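Letters are used for the chains, namely A, B and C, taken in the order the chains are written, and counting of residues starts over at 1 for each.
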Amino acid sequence: MIDNTRRSRKHGARAAVISIFVFLLIWQAATTFTSLGILMPSPLISLSAFFKSFIVPIGPYPIFIHIYWSLVRVVPFYIVGAIAGIILGITMGWYKPVAAIFRPIFEILRPIPPIAWIPIAIVWFGIGEGSKWFLIFLAAFMNVTINSFAGARSTDPVLVGCSKMLGASDWQIFTTVVLPGSVPYIFAGLQVALSSSWATIVAAEMIRSSEGVGWIIISSQETNNSVNTLVGVVAIGIVGFILAVIMREVEAVLVKWTKRDI
Amino acid sequence: MDEARHMSKSIIVAQGISKTFTNKRGSTKVIENINLEVRENEFLCLVGPGQCGKTTAVNVLSGLEPASTGTVKINGKTITRPGPDRGFVFQSTALYPWLTVMGNVEYGPKVRGIKKSERREKAQYYINLVGLEGFEHSYPNQLSGGMQQRVGIARAYCNEPVVLFMDQPFGALDAQTRYLMQEEIIRIWETAKRTIVFVTNNIEEAIYLADRIVLLTNTPTQIKKEYKIDFPRPRDYTDPDFLALREEITNEMDKTL
Amino acid sequence: MQKNKTLLYLILSIVSLALFIGIWYYFTAVLQIVSPKTLPSPVKVFTTFIDKFTNPNPDGATLLVHALSSLKITLTGYLTAIVIGVPLGIAMAWYPKVDLYVRPIFDLLKPIPGVAWVPLMIIMLGIGFASKVTVIFISAIVPVLLNSYSGIKQTRDVHIWVARTFGASDWQMLTRIAIPTSLPYVMTGIRVALGAAWTTIVAAELIASTEGLGFMIQQSRGIYRPDIIIVGMVTIGIIGSVLGLLLMLIESVLVKGRSKV
């Protein structure tokens, strides 16, 4: 009933192809033969439009330049936010006075989704890049802080005792036990933060921008161009997927010790 | 034989130790007035029924946890906190999963600021001593339970402590590996002499290993009786004297509540 | 000693919060270096908050009307997603055929954030209730389904062997063993989906709407009323937390109910 053998995986790949093919086929049939075609482009048209968009620009740029723009907005401030989040989260999780100082403010801000900060970010930082950087920073910072905090809190007290017995100072315990022990949690946070940042930039670009993947879908909607809207959605999905895979690979390289190869 | 082992000086002196845990639901006394002396290079086994407070006792003796009353002196110095003059092998192996075998074993010397070349050499010596040559770069979760405990032992030894505390280090091992590890620990102890306080709930294991057995009661745990063991080593589990003593201690030990 | 420390931390927390609001107040209300069009004083935010309960100006509706509008859409899409997503996820994990053919579609949808569906749904269904409910539904069903799925997959083979030795049928194994085992995962999915749904509705209302909390804060930006924006953000945060708490309550009742049996 529940198996993961290699044969069943191969079987799975074939089924995936079939299932997606059938899905596209139904979609194609529905748009060709029913009135759904008025509302929605067919997969053939959408796919060819997607590939065409690499050469023929949508608005000012071809699609990869739009993707580039969105990534340029996300990546630097994602990194800054993540680093700040790791530092605050771990210190809050390990040093009780730090938690006492920062936790109340953090807990007040935490339930507000990053996307809800868009209007105030525009008020504070203008409609240009500044507000977007702020939003990405916030999305990364919040998610990473929460997870790093949980990671530091879950430090195994036996390992701490062991380090003390071996002669480690408080600071050494922090750097050699608390920090590495939190790494799996930190990566979980980085992963969530990445998809949250990506969603936030899409939303922010939809509200105010003149390029980027979010801009593609909103400007295409404004001209009722459902084909290009769909092209944008596909691009957003693919980039989101690639970002998640990269993050997983980075984790696999950095966190070798969670793997078991015997 | 006693002469040869220089078991003259008392290394650990515990006086009137008791331990009470207090939490919201109330307080429980786990240890009641333990007085204990351990001599230099002695192999002492603390034996008691399951959940009687063995871990708590050895935690207090080693300074991992403060005693509620009483004092523990090691080499004449009252101990209040964990420190590198003591080594501890944990019931749950408690290896650093993110460090390799080498990383785990050299951890103690490293945090104490010993030069890399020197601590590597020392770590390698103890890795070889516990028989893990060739596994220096493996991570703990790639090792079997018995190998993990060897790492724990090497790590404790590598800090060259005065006393070693071992809390049921072989508790989670299968019988076969357990016998092997018992032979090993005696071999290691005879190569690198240390004072060892070894906790177990297995009477056979205690008789095989110990110079002296201290039998504990159920909670709140107290010392019930002591046995001096001077069978020559290596000991034979099937020796009639061995079996007779085993019978005697078994009858004496409290049943687990 | 322990008690003293707890007290000290409590005092630290209170001082830190007071300082936060104090500095905010000092710069906005006392020194007035920060323009109220950028950041209003905390007092102003508070009075606006009270005022917004009864005052429909300047964005056409009171706070409660906006909140209810957002909630109605969210809950409709979200609950539909649970009703469909949980059984589908369970079926997918339990029946390999369903798994093989349905899962790829969801793996495809997973990396697309909920907001990205907004324009397409607007083209297809207009900017009204239907298009927003659909967007919420899509963004909520993915985590619900995938978590229920992995929950069932967690059912340990041992449990199943034991059940089989006792002669349990496939259906009994599913309902007596697999589903109870998967419950914590299912609940995780439901919790994650709530966050996703609540975020997505705000985003959808920011982009195109005539009502709702997202609409309210977006409107207030245009007319330089940051006090209303902050009131809106706080309201969004409060409702999100309350919904989360409700869910936790339901979860604890469910789990307790099970352990009693």
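Convention: a contact is a pair of C-beta atoms (placed from the backbone, for glycine too) under 8 Å apart; a residue touches a chain by one contact, two chains touch by 3 or more.
Just so it is clear, the model here is predicted, and its values are computed rather than measured.
So which chains are sitting against chain B and chain C at once?
Chains touching both chain B and chain C: A.
As a test of whether you follow the contact definition, which chain pair has the most C-beta contact pairs?
More C-beta pairs are in contact between A-C than between any other chains.
Based on the averaged CA atom positions, which chain is farthest from chain A?
Max centre-to-centre separation from chain A belongs to B.
Report the inter-chain centroid distance for chain B and chain C in whole angstrom, where each centroid is the mean of the CA atoms.
51
Using mean CA coordinates as chain centres, what's the gap between chain A and chain C in Å?
Inter-chain centre distance comes to 17 Å.
Rounded to the nearest whole Å, what is the centre-to-centre distance of chain A and chain B, using the mean of the C-alpha atoms as each centre?
48
Per the contact definition, I'd like the list of chain C residues that touch chain A in the complex.
Residues of chain C touching chain A: 5, 8-10, 12-13, 16-17, 20, 37-39, 93-94, 96, 100-105, 107-120, 122-124, 153, 155, 157, 160, 195, 198-199, 202-203, 206-207, 214, 217-218, 220-221, 224, 226, 229-230, 232-234, 236-238, 240-241, 244.
Mind listing the chain A positions that touch chain C in their complex?
Its residues touching chain C are 1-2, 8, 11-12, 15-16, 18-20, 22-23, 39-40, 96-97, 99-105, 108-113, 115-120, 122-124, 195, 198-199, 202-203, 206-207, 214, 217-218, 220-221, 224, 226, 229-230, 232-233, 236-238, 240-241, 244.
Can you name the residues of chain A that touch chain B in the complex?
Touch residues, chain A against chain B: 156, 158-159, 161-169, 172, 176-177, 180-181, 183, 255-262.
Where on chain B is chain A touching in the complex?
Touching chain A from chain B are residues 62-64, 81-84, 86-88, 90, 92, 94, 96-99, 107-108, 111-112, 139-144, 155, 159.
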